[in-house]
Structure formats: structure tokens, C-alpha cells
Amino acid sequence: MIEQFQATFSDHIIAVEASDMPTFVIRKESVLPVLTQLFKEFKVQFLTDLCGIHYPDATPPMLGVVYHLHALTTNTRIRIKAFTPVSEPHFPSVVSLFSAANWMERETYDFFGIIFDGHPNLKRILNEDGMTYFPMRKEYPLEEGTRTDKDDAQFGREKIT
Amino acid sequence: MSVTLNLGPTHPATHGVFQNIIEIDGETILSADSTIGYIHRAFEKLAEHRPYYQITPITDRLNYCSSPINNLGWHMTVEKLLGVTVPKRVDYMRVIIMELARISDHLICNSILGVDTGAFSGFLYLFQHREKIYEIYEEVCGARLTTNIGRIGGFERDFNDTFYIKINEFLDEFSEALTEFESLLTRNRIFMDRTIGAGGISAERALNYGFTGPNLRAAGVDYDVRVMNPYSSYEDFEFEIPVGTNGDCYDRYMVRNVEMWQSISIIKQALAKMPEGPYHADVPEFYLPPKQDVYQYMEALIYHFKIVMGEIPVPVGEVYHSVEGGNGEVGFYLVSDGGRSPFRLHFRRPSFINYQAYPELIVGGLLSDAILTLSSLNIIAGELDA
Amino acid sequence: MSNLVQAPEGVTGQGFFLTSVEKAVALARKNSIWPLPFATSCCGIEFMATMGSHYDFSRFGSERPSFSPRQADLLMVMGTVAKKLGPVLVQVYQQMAEPRWVLSMGACASSGGIFDTYSVLQGIDKVIPVDVYVPGCPPRPEQVIDGLMKIQDLVANESLRRRHSPEYKALLAGYGIE
Amino acid sequence: MFSVYFPLLLLFGAVMLFVVATMGLTHLLGPKRAGTQKHEAFECGIPSQGDARTPFSVQYFVVAILFVLFDVEVIFLYPWAVEFKQLGWTGFLEVCLFSIMVCLGFFYLYRHRLFTFKK
């Protein structure tokens, strides 16, 4: 089945990763065509999950989006990944294919700042609208500074400036 | 002319903290727009700063009505990454705990649906038995709600005999109480008039919205992770998957009720066929050793120290594992770079995905149906804004 | 028979009982507190167990939870309060009629709990004055009832003129609540 | 003649006295803490937008009037209920006739689907 996918999408696929389910890394521009073709031909019509990922120390720091798809009829799960440099965080939105992706993309935008072109109303969903930075990126701290009871030196962590 | 109504964060009907701005003309709803994130606690960012076994307390605050399912789902994900296979006995123990958690989750949803249609006594009847489930949890892990049950590789202790007494007692009493509850609501004229046809969704739209769990089965699709990709030896048990027809509140209620009966029969089968053997896998470098060994043996102390400080050798790689939670497929997408804590951990949260279809379910319906649809979707705020 | 509600101090005569208005009002208020269950997350489910028939919260006179702040005496904040929910909490607190008390149930409401993250308000006492903190994550129903009994002691021993006192006004002014 | 009604007047006076006293006491004793936020309408904690005094659907009005209509008909049963024993069977038959006519009206409204909310 992996060979079948590789054959049909040979020009889009950049890499195939060995993992617990067939995993393909494809170019960012070909996300929509690949997913539409999967939807129509291979009956992969269920978007299980969509999430962002941030690789800060890749050569150009990369932002990625991971799509988990599931063909319910043949019970095959596929994971599709696509990456883009952090400086240019634009991705095609798949809301036209799966309405499930609406909030998932808003959450990925809210966390990583990935702008999904073609999304009906792309604004923050979980954080406050007035938030300026994208918290899930690796360079932002977890804690917010107002906590006084935890002395960082005790926990072997450097002071949050 | 339309009136804007705010079904806001502190509303008794939302059973949680999320907001809907509803445009109504008389009683019919013209449009709805929901805002969530009122208890967003940044679980995924928190998980990137904790060693593996410390993430379990986060997972049981995801869906706190059935927290053991998330705990054990998380343990299975890490075991899948580490390549640990647990003995049969642990699988059966996990099935019992997860089915108990499923009963407690469906129990809350159905009794609150009863409260929303005006039958308050059903809630009080069934909540008694939820206390009994809490007592059974206390026998296994000492906590009532945020259970933090089990460990990577098994359980911290075997089920003691009071557990078996309590669970058998619970199974008999709860079956009577459930028949009483069903005789109260299922063929109740008012309940049927209120819920049939309220907030229905077609199978095709439900699949497109990424529905899973009882809400999808109510729409007619028999997708259940326990059957589709069986985990923790679910294939050894026979149970049916209830399926509704037009996916409205009555079907969701019926699907959850029948699933409670199925869970009771699964627990009985698991108790009957419980195999002997160790209650944890023999993987000392991942499994936290029991306390008495740590105080006596040097190796146990070293392993304990290494696991607690988070230096367990985790292979680089990524894994996605999903379990059938109370509201649908609870998925854990774990990317590890071999470090002390996961590089990226994403939770597939069914309530977050089910709730985005809420405007489509209620537009055109009556306002009172909107309240019913909200509680029949069983949206849990912790899972919604993880 | 000692756990009956004790009569306040006063002069008992042949067929009558004399006590100060303050004590009589305090006795009435103490045993009829209407809670506003501001239930956000896991502590809310534990509060449902407390309201259930096993632990039965209404033995203490708070049978009727009022979800509107207008008829509520006790604001019970249960569960995590994110920063997005802060203004909502202050608005609900301000719209409660005097005299009002606040019980913060659970570690998340009292101090942000285990969620020291960018999006969580680290303790509701940063935005509203709190009378009783109930520790635990979630606290057992007995602890919640113990918290309510602490609130009842506060209600019983509070003088009617406390809300006019300068310290109280300074406390509210400190929170920017007029 | 006056002595017959005196206890009644006394009771009425006591009731009025109690009502005025408690209202006055709570008004005096209770702390008054006015505030702009407090006078806002309660919108589940969200600052309210828009105005509540907007025209709403007429179907509410129909339901309200029907309630008043049937409520008035219940009031006619009170005098019968008081003199239940003396009126005997004839009274009972008249009341049955009266309620049948009321039910006819109710059934007429039900058939015209006035109670269900039209979309």
C-alpha cells in the first residue's frame, strides 16, 4: 500500500519515514492536491488530527504541520507532514475538504503562528485575542513570571528573565 | 428582527466554561458563534517540560469525567514508543479500569441530559453509583477523580480482594439502578418529545466534522477504536457497538445507555477470564519499582532514581496511539528526540473536535433544543481547551 | 445531641428569648448561604459529587445553588481560572450583592496549582478578595464541606458594620473594585 | 358589628407591620455598595452589548394571553369549591358542563397548533 501511494504521488513526496504508520513528507504547495486525491481515489475521508510542530534548530528553523488521516473503509492510517521555514509561515488550508480542520487550524495558528490561507476566520481560539506572541514555539518560556513561591535555583533552573 | 443571546461562560446549562453568542428570532436560532479557551492550561507546552512518567497527571485532567482512560492511553503510547509489551494480566486489568471509566463518563452525560429535560431525580439516583466507582478507583490508585492510575509497563500494585468485592457489588447494584433510570427516561413521553429530532446530524456531515465516539455512532457509523484497531487485548471480549439512526439527542442518549450495558458485560467477562501472572512488564529501566524494593535493593534504588530524574533512554521517533475515550477517539501524538521529555506531544481531544459542529447542529432548531444538544454532545471543558 | 445548632448567647426568660439583632441575623445568614457554583474544571465535577446525595452539601442550608450573582451570597470558584476568564470572574464578583463571601476550591483557584503556565491566572486572589481557601487537587468532598463550615463561622462572627469599615473599603480599593 | 371584624383588622395590621418592618430593617442594615459594574445587566460575566428593549416575536404574546385566559377560568371554580357541600350534585353538574366548554376551547386551540412554536 505504501508503494501504491509512492507511485501515485511520486512527484510530491520528499521523504518516506519508517514509523508506526505510513508517513510521507510532502512539499507545502502539494498539501491540498495530495489530500484531495487521497480523499477521492483512496477513500481517505477522515481527518483524525492536525497539529503543528516547531523545529527551531533545523538549518533554516522550520515550522511543520502533521496531518493524521484515516481511511475508515480500509482501516489504513496515514501521516502526512509538510514543512516551511519559520520566516514564511504560510500553509494552504484544508477546511474545504474537512470541516473538522477548521478549529484544528485555528489552534495550530494560535500555538505556532502558521497562517492557513483560505481559512474562513483565522483567529486565536484558545488564547486571549490580545496575545502578541505564539506560545508553543520553543523559544518562549513555559512559566509566566508572576509566581513567587517557586524558587528556580532550588529546581536547578535558571531564573526566568 | 433578531435578538442576540449570550450563553456565556458562567451558565448553568453549559456544564463547563465556554461561550455561545446565539442569534435568535423568537425561539428559533438563526446563527451561533462559540468562543472557547476559558480554561486553557497549555497542557502541550507543560508536557514538553516534564519527564515521561510525570505527564500522566496532566492526562487525567484532560477528560476528568473518565480520567483513567486517558492515563492508560498515555501509558500505552509510551509503551508503543519504547516497544514494551505488557503481560496479559495487565491488559485485562486495564480493560476493567477503562470500562469502569467509560461507565462513569456516560453516567454523567445521561443523567445531566435528564436534568436538562427536567428529570432531576435520575441524576441523584445514578450519582450514588458514581461514588461507588470512585471507591473502586481508590482501591487501585488512592485517588477519586484525578486518578494518575497505573505506570508505564503495568500497575503499581495488584488488585486487592476488597477491589473484587466492591466491583462485584457495584456491577449488581448498578445494573438495577440503570434499569430503574432507563425505565424513568427511555420511554418517557416528555423526554422523547424533547430529545427526538433535537440537534441531529447526518453520518456524512459527522464524519466530515471528525466526530468519533458515541456522537458518531449515534449518527449511524459504527466506528469504535476498540474494534477498529484493538489495543490492550480488546479482541478477547465480545461486545456489540450500538449504532443510532439520525444522530439526534435521543440516539446519543440511547447509544451511551447501551454502551454502559456493554461495558458492564465486558467487565464481567474480564473478571471471569482474568489470567494469572505479574501485574507489570519486566522492564526495570522504565517501570518504577515498588517502594519496598527501593528501600531494600540497590538496583531498584538506582532504577527509581534514574526514572524519577528522567534519564530513561527513550528512542528517537514518533508514534500516534489512540484509545476509545468517553467522548471519542483520544489520540496521543508523541514525537521524541531521545531527550528527558517529549519533543512534541499533541492530544487529539474529541470534545474540541465535536464542539466545532455545534452551530450546524442547532441552527434552525429551538433554543431549548440547543441546550439539550450541548449536554448530549458531552463537551468537557478540560478536554476542550487542553 | 451536641451537634444541634446552638442558640446564640442571650437572656432566656419564661417563654421568651432575648438576643441582639446582630446575633439573630448572623444565625439566619449562617444557615442559609446560597452558593454560586463557579465550576470551571475538575473541581466542578468533585462539587457535583459533594452536591450529590452521598455527601449532600445541602445539609448546611445551601440547597439552592444560584447561578446568577444577584441572589448569591457565596462565590465558590472551583477549578482553573485562565487569564481569559479573569475579567468574567471580576464581573460576576462585582455583581453579587453585599454581604458576599468567596471560597476558592482547589489548588488551581487558590494559587494556579500545578499549571504554572502562560495562560493560567496564578490564584484568584490576584483579582478578587478571597475568604477561604480549600487546598487539594481536587479536594475531597469532606474538605469542601469543611471549607463551607469555615465560611459559616466567618458569617456567624462577622459584625453587621464590617462592610462599612475603612479596612474593608481599603481592601476593595486595593483590588480596584469600587 | 365592629367586634366581629376586629381580629381580622388586627391580623391585617400585623401583617402589614411585619412587611414594612423587615423591608425597612434590611434597607437600613444592609450595606449599599453601588457601582457601575454592579448596575450592568448580568450577561454570564460578559459585558452586555445591544439593548434588551427590542421587539420580540408575537408568538410569546399568544402564549401569554392563553395562559391568562385559562387562569381566569380557574378563578370561577373557587366559589364552587368553597360551597362544595351545600351545592351538592346540581352544582357539580354545572361545574362539569363549565369545564367541558373550557376543554372545547382548549381542544380548538390545540388543533390550530397555537401552542407549538412555528418556525
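Side notes on the structure shown:
Here the chain labels run A, B, C and D in written order, and each chain numbers its own residues starting at 1.
Everything below uses one rule, namely that a residue touches a chain if its C-beta (ideal position, glycine included) is under 8 Å from a C-beta of that chain, and two chains touch if they have at least 3 such contacts.
This is a predicted model, so every value here is computed, not measured.
Simply put, of C-D and A-C, more C-beta pairs touch at C-D.
With centres set at the average Cα position, the gap from subunit A to subunit D is 59 Å.
Taking each chain's centre as the mean of its C-alpha atoms, subunit C lies 34 Å from subunit D.
Centre-to-centre separation between subunit A and subunit C, using Cα means, comes to 44 Å.
The distance from the centre of subunit B to the centre of subunit D, each centre being the mean of the chain's C-alpha atoms, comes to 46 Å. Residues of subunit A in contact with two or more other chains: 126-128, 135, 142. Contact with two or more other chains is made by residues 8-11, 37, 40, 42, 45-46, 385 of subunit B.
The set of subunit C residues touching two or more other chains comprises 84, 88, 92, 117-120.
By the contact rule set out at the top, the touching chain pairs are A-B, A-C, B-C, B-D, C-D.
Contact residues on subunit C toward subunit D in their complex (touch as defined above): 21, 25, 68-70, 87-92, 94-95, 98-99, 160, 163-164, 177-178. Only residues 1, 3-4, 6-11, 19, 25-28, 364, 366 of subunit B touch subunit D when the two sit together in their complex. Contact residues on subunit D toward subunit B in their complex (touch as defined above): 43-46, 48-50, 54-57, 59-60, 117, 119.
Interface of subunit C with subunit A (complex): residues 83-84, 111-112, 116-120, 122, 126. Residues 8-12, 16-17, 37-42, 45-46, 57, 61, 64-65, 108, 123-124, 127-128, 130-131, 134, 144-146, 381-382, 385 of subunit B are the ones that touch subunit C when the two sit in their complex.
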